[in-house]
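Input: structures, listed below.
Two complexes come next, and they have one chain in common, subunit A, joined by subunit B in the first and subunit C in the second.
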Partner chain A sequence: MTTILTLDKVEKRFGDTVALEPTSLGLEKGEFLALMGPSGCGKSTTLRMIAGLEAASGGTIRHWDRDITDLPPWERDMPMVWQSYALFPFLTVRENVEFGLKQKRRATAVDRRKKSGEWLERLGISDLADRKTDQLSGGQRQRVALARALVLEPEILLLDEPLSALDAHLRLRMQSELKRLHGDLGITFLYVTHSQSEAFAMADRVAILNAGRLQQLGPAREVHAAPANRFVAEFVGGSTILTGTARGEGRIETPMGLLTALAGYPAAPGETVSFLVPSNRVGLSEAATGAPNEVAARLLTEEFTGSFVTVYLELADGTEMKVQLQQSDLDALSLAPGTPLYASWPAEAGYVLKEV
Partner chain B sequence: MSGARGGLQAVWTVAVFVFILTPIASLVVFSFNADRFPSLPWGGFSLVWYEAILEDQTVRDAMWRSLRVSASVSVLATFIGFAAAYTDYRYNFTGKMPYLALAALPPTVPVLILGLGMLSFFSMIDLVGTLRAVIAGHVVICAPFAMALIRMRLADMSPDLEPAAWNLGASRWRTMATVTLPWCLPSIFAALAITAAVSFDEFMIAWFVSGLEETLPVRILALLQGQVSPRINAIGSLVFFVSGLLVVIAQLLTWRRGAT
Partner chain C sequence: MTDRTSQRRRRIDGFALFWGAPSFLWQGVFFLAPLIVLVAMSFWVVRNFRLTPDFVFGNWERMLTRDYFWAGYGYTFQLALLVALLASLIAFPVAHYLAFRARPGIRRLAIFLLITPFFTSYLVRIYSWKIILSTEGVLNVMFGWLGLGPFGMIDNAFGAVVGYLTLCLPLVIIIQVFALSAVGRALIGAAHNLGAPPLRTTLTVTIPAARIGLILAATFAFILSFGDYVSPTYLGGGTPPTMSILVVDQTKSGNHWPRASVVAVTMVLTLVTVLFAALFAAYGRPGKKT
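Let's look at the complex of A and B:
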C-alpha cells in the first residue's frame, strides 16, 4: 500500500474554538476510508481542508509528495460530492457534468461531450441529459453530482455525507452502488458521514472523530470488535458497557456480582475499568442456570427488526442492556415487560476498554 | 354581513386607486385633447401636442440627456449594487453592519438635502452643470435599490454553489463569470430596469446640479413655469410610459424568479 494523501498534524481553529486538534492521518491509494463522528466532530472541516475550501491553522497536507496545504481549491484535483448536491441550477444535467472538464481545459468540446455521455450512461441518467437539475429527484441529483465529479477521472474522490438527504430505501441502493463503483474504478474514496451503518457497510477503514480529536483509525471490523475507548464503543453501538473494579485475571467486581471479561486490555487489580458485552453474545433464560457471567435482569422492551429481535433489559444497577437474538431463541421465553430474566455471556466475549 | 363588509372593502379599495390614478389618467387623456385648455367637454382626439413637443428642440435635447443619464446610471448603479451585495454574501468582516447600513443609506436622506449637498460638493470639484454630475448624483440614490434586489437573489443561492465550482477547477473569477453572475442575472436585469426608471424621472437632484444641461423632468418644470400648455400633458405621458415600462420589466423579471 502506498499513501496517496497525508495529513501531518493538521489542525483547525476558529478563534478560540478548536474544530480539529493536530491530527495525522494517511490515506492509502485505492482504499475507501470513512471519516465519521457526530456532528461538530471536525469531520467535515477535515474534508474541506483537504479540498482547500478551508485553510488549515497548522500542519501540512500532502498529495503524494507534493505539499498542497496552501494550494487554492481549483488547483487541487479532488472533486467533491456534496450533501446538498450543489448542482448548478441554470445548467442542464449534461452541462453540469461537463463543467469541470471545461474549467480544466483538458478536453475539446467533442471529447467533453463523449466523456460526459459515457458517465451519464454509466450512472444510468442518459435520458436526463438535457433536463434542468430542478426537475430531478434527490437520487437523480446525486447521480449527476457523482458523474460531475467522476468525469474528471480523479485519483481521490471526496464525499461529504452524500446519502444523508436521500430516503432510507434509496440510501441502501446508493450504498451498494457506491461500493461497486469504488471497486470498479480503483480510485480512492474519502467519505464523510455521521452514520456508522453507512461507514461500516462501505468502508475498508474507518476513522472516528470526536470533539476535534481522532479516536480510532482502523479496518471497520477491527474498530467494531476492539473499540479504542468508551466513545468509540458507544458510537459504534452494538454492546452494553459495564463498569467495575478489576480483581485480576479478567475478573471484575460489579454491582451485579463478580463477572469475567477476558478480551481487551489486561487491567491491574484495583483499577476501575469499563468492559463491553456484545449484544449478540448474550443468552437469556427464565431461571438461573448457574453459568458464569450470569446476571439478573428485568425486561424493558423488545424491538422486532426483521430477521432478529433486539431486547432491552434493565440490570440490578439500572444499566440498560441490549441483547440481540434470533426470533427462534425468543420463542422459548415468555416475554412481558417487567419479566425477571437471567442474562449470561461467555467470559471471552467481554472486552475490557483501555480507557474508562 | 361579511359579504357586505367585503363589498365595502372592495369599493374602498377601488376608490383609493381611482384617487391615486385619476391625475395620471387625466394627464394621459388630455394629452390627446385637441383643445388648448384641459377642460370638459373633450375637444376631440389629436396628436398635436405630441407633434409640438417633438418639434421643440429643448424638449428633444432634454429627453436625449435623460435617456443617456438613465442608461449610464443603470449600468453604474447596478455594478456598484452587485459589488456591495456580493461583498455581503461572500465575506464576513468586522464593521459589516455599518458597511451595509451605509450602503443602504442614501434613499433615507431627504432628496432636498442630498441635492443641496451635491450642489455644494460638485461646485467645489467643478462638476456642476454637467451631465456627469447628474449621473453621479443619481448613482448615489439608485445603487441601494440595485443592491437590495441583487442581495435578495444571492440570499437564495446555496452557500455550496461557489465552492463546488472552485472544487471543479474554476478560479474565483471564472466562478464569478460562470456561476455567480448567471445565478444573479434575473436580479441584475431587474436592477438595471429599476435604476433606469428611478433616474429617468428623478427631478430634485437633477434640478440642483444639472445647470443648463436640463434633464426631462427639469425641462418640464421650466415649461410649466413659463406657460400652462397641454404639451406638459404629452411629455408627462411619455415620462410615465417610459418609467412604467421599466418598472413592469423589473416586475416581470423578479416574478419569473419567484415562480421557479
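Let's look at the complex of A and C:
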C-alpha cells in the first residue's frame, strides 16, 4: 500500500474554538476511508481542508510528495460530492457534468461531450441530460453530483455526507452502488459521515473523530471488535459498557457482582476499568443457572427488527443492557416488562477498554 | 370528475378576497383610473387654453412627427440604459464585498448607511451636487490647483448621469447585496472545487445564480432614471429635454395637457415594455442551451 494523501499534524482553529486538534493520518491509494463522528467533531472541516475550501491553521497536507497545504482549491484535483449536491441550478444536467472539464481546459468541446455522455450513461441518467437540475429527484441529483466529480477522473474523490439527504430505502441502494463504483474505478474514496452503519457498510477503514480529536483509525471490523475507548465503543454501538474495579486475571468487581472479562486491555488490580459486553453474546434465562458471568436484570422493553430481536434490560446499578437474540431464543421466555431475568455471557466475550 | 375539480378551483376564496380587496381598490382608484384618464386625455383638445374632451388623433400626430420628441425619447432612453448599466457595474463590486467578504456587523452597518440617503430629500442631494460639480464648484477649484480644468460637469449628460446615480445607486447596491447573499456558498465552493478560480466563478456561477436579482436591480435603475425630472433639470441643464421635461414643457406652453399626456402615455408604454423584457430575461429562459 502506498500513501496517496498525508495529513501531518493538520489543525484548524476558528478564533478560540478548536475544530481540529493537530491530526495526522494517511490515506492509502485505492482505499475507501470513512471519516466519521458526531456533528461538530471536525470531520467536515478536515474534508474541506483537504479540498482547500478551508485553510489549515497548522500542519501540512501532502498529495503524494507534493505539499498542497497552501494550494488554492481550484488548483487541486479533488472533486467533492456535497451533502446539498451543490448542483448549478442555471445549467442543465449535462452542463453541470461538463463544468469541471471546461474549467480545466483539458478537453475539446467534442471530448467533453463524449466524456460527459459516458458518465451520464454509467450512472444511468442519460435521459436527464437536457433537464434543469431543479426538475430532478434527490437520488437523481446525487447521481449528477457523482458524475460531475468523477468525469474529472480524479485520484481521490471526496464525499461529504452524500447520502444524508436521501430517504432510507434510496440510501441503502446508493450505498451498494457507491461501494461497487469504488471497486470498479479503483480510485481512493474519502467519505465523511455521521452514520456508523454507512461507514461500516462501505469503508475499508474508518477513522473516528470526536471533539476535534482522532479517536481511532483502522479496518471497520477491528474498530468494531476492539474499540480504543469508551467514546468509540458508544459511537459504534452494539455493546453494553460496564464499569468496575479490576481484581486481577480479568476479574472485575462491579455492583452486579464479580465478573470476568478476558479480552482487551489487561488491567492492573485496583484500577477502575470499563469493559464491553457485546449484545450478541449475551444469553437470557428466567432462573439463575449459576453460570460464571451471570447478572440479575429486569426487562425494560423489546424491539423486533425482523431477523432478530433486541431486548433492553436494566441491571442492578441502573445500567441499560442491550441484548440481541434470535426470535427462537425468546420462545422459551415470557417477556413482560418488569420480568426479572438473568443475563450471562462467556468470560472471553468481555472486552476491557484501555481508557475508562 | 374533471368538471368537479374545475368547479372547485373556481370557488372564491373569501379570505384572500377580503385581504386583497384594499390593494385592488387602491390600485384601481389611484393607478388604473388615472391611467385611463391619461390615455383618454391624449385624445382631447385645447381650445382657448381650455381643456375640452374630444376624440382626435391630432396630439399623437403632432408629437410623434416632431424630431424634438424623438430626440428627447432617444436621449432619455439612452441615459436610462447607461445609468442601469453603470449603476449595475459600480454596485457589483461593493455588493459582492458586502455579500461574501464583509463581517456581519459591517454588512448591517453598510445596509443602514445605504438606506439613509432616502431619509433626505432627493432635491437637496441634487442641489449639493451643484456645489460640487459647477464651474466654480469644489471639484473644479481642486482641479484648478493642479492646473486643470475647469471641466463642464454640469448642465450636460454627465451631470444628469451623476444625478441619476445618486438616485439609483443605493437601491441597486441593496438589491444586489440581497441577490448575491441568496447564492448558496456551496455553489461557489463547488465551482472552486471543480477548478474555477475566483473571477471565473463570479462570471460563470455567481452572476448566473443571482441573475434574477441583478436584472431586477438594473430594471429599477432604468425605471427610476427614465421618469426622473429633478436630475435632468438641475444637473442635466434641460437640453436636450428628457421625456419628463417634455411633459412639463407641454403643460407650461399653452397649457397643453393632451400633448403632455401623449408623452406620458409613451413613457408608460416604454416602461411596461422594458419591465416585461426584463422579467422575461430574468425568469423566462427555461432549458437554455449553450
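The criterion applied here is as follows: the second predicted complex is superposed on the first by the 356 of 356 C-alpha atoms of A that agree within 3 Å, B and C clash if a C-alpha of one lies under 4 Å from a C-alpha of the other, contacts with A are read in each partner's own complex, and residues count from 1 in each chain.
Just so it is clear, contacts are C-beta pairs under 8 Å (C-beta built on N, C-alpha and C of every residue); 3 or more make two chains touch, one makes a residue touch a chain.
All values derive from a computational prediction rather than experimental measurement.
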| Combined model on subunit A where subunit B meets subunit C, clash or fit | clash
| said: Is A:P73 touching anything from subunit B or subunit C once the two structures are fitted on A? First, second, both or neither. | reply: both
| message | Going by the contact rule set out at the top, does A:L172 touch subunit B (first), subunit C (second), both, or neither? | response | neither
| request: Check the residue A:D134 against both partner chains and state whether it touches subunit B (first), subunit C (second), both, or neither. | output: first
| task | Report for A:A291: first if it touches subunit B alone, second if subunit C alone, otherwise both or neither. | result | neither
| said: Is A:L185 touching anything from subunit B or subunit C once the two structures are fitted on A? First, second, both or neither. | reply: neither
| message | Quick check on the superposed pair: does A:F99 touch subunit B, subunit C, both, or neither? Answer first, second, both or neither. | response | both
| request: Kindly list the residues of subunit A that each of subunit B and subunit C touches, one partner per complex. | output: 51-53, 72-75, 78-80, 82, 84, 86-90, 99-100, 103-104, 148-149, 152
| For the subunit B and subunit A complex, residues of the former touching the latter | 158, 160-161, 163-171, 174, 178-179, 182-183, 185, 260
| What does subunit A use to touch subunit B in their complex? | 51-53, 72-75, 78-80, 82, 84, 86-90, 99-100, 103-104, 134, 148-149, 152
| message | Can you tell me which positions in subunit A touch subunit C when the two form their complex? | response | 51-53, 72-75, 78-80, 82, 84, 86-92, 95, 99-100, 103-104, 130-132, 148-149, 152
| field | In the complex, subunit C residues that touch subunit A | value | 184, 186-187, 189-197, 200, 204-205, 208-209, 211, 286-287, 289-290
